[in-house]
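One structure is given here, and the rest of the page talks about it.
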Amino acid sequence: MSFNIIMFYLFSAIILVFSLLTITSRRILRAAVYLLFVLIATAGLYFLLEYQFMAAVQLTLYAGGIVVLIIFSILLTHHISHRFKHPDLTKMIMGIAVAVVGSALTIYTILTYPFPQTITVTELPATMENIGMQLLGVEKNGYVLPFELISILLLAAMVAAIIVAKKGNDKNAEI
Amino acid sequence: MNILTLLIVVPVLTIIGILFTKDMKGARAVSAFGMTIQLIVAATLVFMYLGLRKAGVTDEMVFISDYTWFKSLNIHYTTGVDGIAVVMIALTAIVVFAGIFASWEVEYLSREFFISLILLATGVFGFFISIDLFTMFLFYEVAVIPMYLLIGVWGSGPKESSAMKLTLMLMGGSALLMVGIFGIYFNSAPNGGPLTFNILEISKINIPVEAQRFFFPFTFIGFGILGALFPFHTWSPDGHASAPTAVSMLHAGVLMKLGGYGAFRVAMFLMPEAAHEQAWIFIILTSISVVYGAFGAIWQKDLKYINAYSSVSHCGLVLFALLMMNETAMDGGIIQMISHGLMTALFFALIGMIYGRTHTRNIYEMGGLMKVIPVLSVVYVIAGLASLGLPGLSGFVAEMTVFVGAFQHEDLFHRIVTIIAASSIVITAVYILRVVGILLFGPVKDPHFEHLRDATWFEKLSMFTLVIAIAGIGIAPLWLSDTILDSLKPIVHKLAETNVF
Amino acid sequence: MIEGIPIQHFLIVSTIMFFIGIAGFIMRRNLITILMAIELILNSVNINFVIFNRYLYPDQLQGHFFAIFVVGIAAAEASVAIALIINIYRKLKNIDVENVNELRY
Amino acid sequence: MYNYTILIPLIPLVIFLVTGLLGMKWKPIISGLLGTTGLGISWVLSVMTAITYFFGSHHEGAFETIIPFEKLWLTFSETLQIKMGVLLDPISVMMLVVVTTISFMVHIYSLGYMHGEKGFQRFYAFLSLFTFSMLGLVIATNIFQMYIFWELVGVSSFLLIGFYYQKPSAVAASKKAFIVTRFADFGFLIGILILSFITKTFDFAKLTNPDGAVFANAAGMSFMGISVMTWAMVLVFMGGAGKSAMFPLHIWLPDAMEGPTPVSALIHAATMVVAGVYLVARLFVVYHFQAPDALEIIAYVGGFTSLFAAVIAITQHDIKRVLAFSTLSQLGYMMLSLGVSGYGGEEGLGYMASMFHLFTHAMFKALLFLAAGSIIHAVHSNYMYEMGGLRKYLPITHITFLIACLTIAGVPPLSGFFSKDEILVAAFNHNKILFGVEFLVAGLTAFYMFRLYFNIFWGKDRHYHHTPHESPLTMTIPLMFLAFASIFSGFLPFHSMVTSDKMHFDTHLHLAVAVPSVLIGLIGIAFAWLLYKKESKVPEKLAKQFGILYTATYNKFYIDEIYLFVTKKIIFNYISRPVAWFDRHIVDAFMVGIGTVTEKISYRIKGMQSGQLQHYAFMFVAGVLILALVLVYYI
């Protein structure tokens, strides 16, 4: 059993356990931290798959950016010591039922689907050069257009977030 | 410009003219002027048509014009008329003309009223001149939609709910109809080639029988709802009871005829095999309509309800006759449409006038009106006599043609239902005379009625136009019947050659 | 590609993660927890993108790029969502999803 | 040469239109005079026609059927067409004379009788309308034309009965008359339809051809075990029975007396009510050759009606009602006579007798009614117990009334004797039971007529509001003319004019029948004389003796009540009301229900749009899963 395999199962276990903890924890700050673990473990998986760039993005953006954002918002809206009530029974049943049925169905499908055993194409390593050429390329396999779109989306999201989150202006306040 | 297109242009111009008026007086003057022109155009059309036929033109449709207005789906604005459409147009022009004068004193939002009324009439004219199914359907909707406003805004009693009921039921009919029309369209080229909405072209090919079986009921019931086919007639009593005078006139007089006209022009003409196969179901339904409507009318207290049920009975006879599918009976059915159109319009006009004076439509609250408003009463009696089929008035000609025609059918079933339907002439007499007896004869019940004003000039104009038309058909029915028979030949021929029974 | 680990195992992990996210979304009341559930879902989808790329189409980097885009979109989504949550908090003084039901009927 | 005959109906039509449209603007009397003059012209033309037809250009053999005028009115199909035309044959020419004569007399009479009434113009307009319709009916060339005018006489009768439209009883009577006859006409119509289905023609010329070629189709056709021709002809007779008020469709006629008396004389005694008889006579060939069973039915219906009506007539007090029942009885005679008739020569005696009686009856019954009108005019009452001793005040009326009574009682040599005698002979030859009935009715007739006569003109002098005085000349001249006609019309040679095969045949007095029938008439008169000449208690005692029977008879055997029960209770309450209810609460409720259910459902399911984000999410994911199951695994 190689190290890689052990690592994979370790990361998988972390992902699954902390995912569960994320949605079951009654203390929200802890939930956020569990989420962080999940995301880091995912990044670990990416490392195992030799997608270092992807893993780095995962770590910086997700684990670094988003989780921090979430923690900020938690701090803005909650007391640290706040504990949630138990969720509704009906909702719990609904959620668990959907999750169980859905995962059963999907896993059954995955297990019965005949994935190809051997892939005979030449591998394209996810080096920074390749990524850079393709992400900003305009020829075949070039992704500059989605890249630009995403940038516009991010801009729009930023503007929207500011507008939504800032306090109503004076005129509205009077009303 | 094609004379048929003129029939649409004149009302549209009238509507535009009304937009420039300021008050009731202007609006009604413009409407009256426009509809007089329309009447003249319609009369010209009748004479031109008769002239063409006399000159030996044997085309199925004349005055054909054709503009493509939606090329990719092959939708055309195609106009053309045969004798049946011509007489229906003449009927419409007369009823609309009378309707304008019957609503001479609508004060509330009168401009809008006249605009809606004439818009409705435009739809009806458009329907009759179209031979493209899509355009026909379009005009049908143009005719039905203003009805909602006319009843909902200018009606009386529970007007909103009546308007809603009427419009929803008719829209339900439209929905069925649309299925039917598209069914025809998509089967209009069974051997390949472009699909078409043109009735004449479709009539030349045979729609596959399976498609006919499926789409015939949709189309027939779709039109049947408008033609007050039992059990889809219940919009009629409520709708008529709430509608203002002119709207009742137009609706019962003309709009319900779209149902009968469409039922045979579209449903039966284009899908003859299915018509033969399924006729018996509808014959049973229509004979129920005929008798049931008449019995229903006996018990009513409200003048408009009586008339609405009577319309159910008479319109049932129209569909009944058409379903008999022989020349004479169909001829009778069409004469019945015209006759019923005229006399029911007259009835509703009179009811409106009487209501305007007595402020009640309950027959038990009135009585002895013959003494106080003799002109209205005499015309009411004439309308009643026409309705119960007195010779010399139009109802007789229509009913007799229907019964004689239907009874010539080889099948015993058809003859027996004819007898059942014919029994309505007795029941009709009962309810008409009951109303006449209670309403017009006897002593004057309410002292307030002693000083009612008799008919004014515009009311007289409205009534006498209709009375003259009714008596004209009743006394000299030959030209009308011949015109219709002439145009029925190709239809009956097509129906006969596909009769597999 | 990890020798000895078949694609199915990855997929099963991501599936379970996905449905845990779904369950969290449906069960939890707090909007921020819901947001975190969404992050879980997105993350599991990301794994799928990468896995398919790596195992089935290693000659290209499509899955890789899409995973990157998803991360970008997730960031945008999170920022807008948090802005909304803060706004809701100002209005309602709490962030229970059950109270956000103005758009009903 | 008979082209002018078209004017006979057209003149009244024109007068109707002119008076109806413009009459209100004139002085009333102008309408009256116009109508009378017009009818006078029509009368002269009719008499001219009759004289030329029967006596001009004398010919051997059968009278021809002449159609001087015919115009297409409406086309049903190639073979079925309605034509409007004039058909002259012996019965139609005879009827022309009858109708115009009576109508003319009534026109003159009404000038006096209706003088000063409100609606004088209307009255004359309706009279003209009626005359036009009746003439159109008489000269019809085809059965459909007959039906058309049949309906028109129905409606003019309706209008005239309801002339006093503010009187509820008159309105009710007119309604009843119209609806009952309408019901009968429904049968007539079906009969016509069956005939047209079999023969593909409406023309009398083809229908009444004795060779019966057009009925070839009918052979072997039957419905419910009865041959289709019998059905057709019975149904046609139903129409005739309605107009001629045969039992059980007779109920409208007594009530129809609510109309002005001249109208009763014209329509409900002399002309319209014989239309049924005329119809049967017109189609006699068809009846005789194609549907002898139907003819049998006619005979029995006629016989029963005559007896039934005569019995009721004995007990009535309203003089017009007595006359109405008498009319019923006499119409029964005519129907019976047709029913027992054969075809051709001596065999066709019943046919001839029926037409003969129709003619004489028209004269004397019109006379009776007009005289009754004169009496009512003088006394202002319809009831005979409010009359008595009037012979002093109304000499002309008295004499003419007496003549009419003697005529109807069959006293020789007045006209009634001849015609009734022929009928009795025909019945005697054919059916002894019916003969017995008729013989009895002859006695009853004499009795109730003289009961009437003695009650009115003899007996105690009543106290009148003002002294009765003889009517003006406009009223008495028609009386005298009709009395004259009643006396002498019996000598007309009907056996060589109006016969079943249009051929002359010889008749002679059958003393074996004539003598007893005269005797029973005289016995009836004698009884009446005994009972009613002087005021006496005997009639009341007799009435008491008969008890229930008398009450039942007085109430016309409760036929009216039965009808009322059927119409009011059954049709109104048990058919119409449920239908109206059904329509409101089932059919309409179903249609409204579709709307209501839609609304209810949407009200219920709008809860699903709860605003709860997590519910939506659940639905969404569950939906995706279900779709996945369905689409991927075809569950």
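Per-chain numbering from 1; labels A, B, C and D assigned in written order.
Following the convention adopted for this analysis, a contact is a pair of C-beta atoms (placed from the backbone, for glycine too) under 8 Å apart; a residue touches a chain by one contact, two chains touch by 3 or more.
Note that the structure is a prediction, hence the values are computed from the model and not measured.
Path length between chain B and chain D in the touching-chain graph (shortest route): 1. Chain pairs A-C and C-D differ in how many C-beta pairs are in contact, and the one with more is A-C.
One simple way to say how far apart two chains are is to compare their mean CA positions; for chain A and chain B this gives 69 Å.
Each chain gets one centre point, the mean of its Cα atoms, and the points for chain A and chain C are 5 Å apart.
Spacing of chain C relative to chain D, judged by their CA centroids, is 96 angstrom. Centre-to-centre separation of chain B and chain C, using mean CA positions: 64 Å.
Within chain C, residues 22, 25-27 each touch two or more of the remaining chains.
Shared interface positions of chain D, defined as residues touching 2 or more other chains, are 614, 618, 621.
Looking at chain A, one finds that residues 91, 94-95, 98, 102 touch two or more other chains.
Those residues of chain D whose C-beta lies close enough to touch chain B in the complex are 72-77, 80, 144, 147-149, 151-152, 155, 158, 162, 165-166, 168, 171-172, 175, 178-179, 182-183, 185-186, 189-190, 193-194, 196-197, 567, 571-572, 575-577, 579-580, 583, 587-588, 590-592, 595. For chain C in complex with chain A, the touching residues are 1-13, 15-30, 32-33, 35-37, 39-40, 43, 46-47, 50-51, 54-62, 64-65, 67-69, 71-80, 82-87, 89-90, 95. Those residues of chain C that touch chain D in the complex are listed here as 22, 25-27, 34, 97-98, 100-105.
Of all residues in chain D, those touching chain C in their complex are 606, 609-614, 617-618, 621. By the touch criterion given at the top, residues 165, 168-169, 230-235, 237-238, 292, 295-296, 298-300, 309, 327-328, 331, 368, 370-371, 385, 388-392, 396-397, 400-401, 403-405, 407-408, 415, 418-419, 422-423, 425-426, 429-430, 433-434, 437, 440-443, 476-478, 481-482, 485 of chain B touch chain D in their complex.
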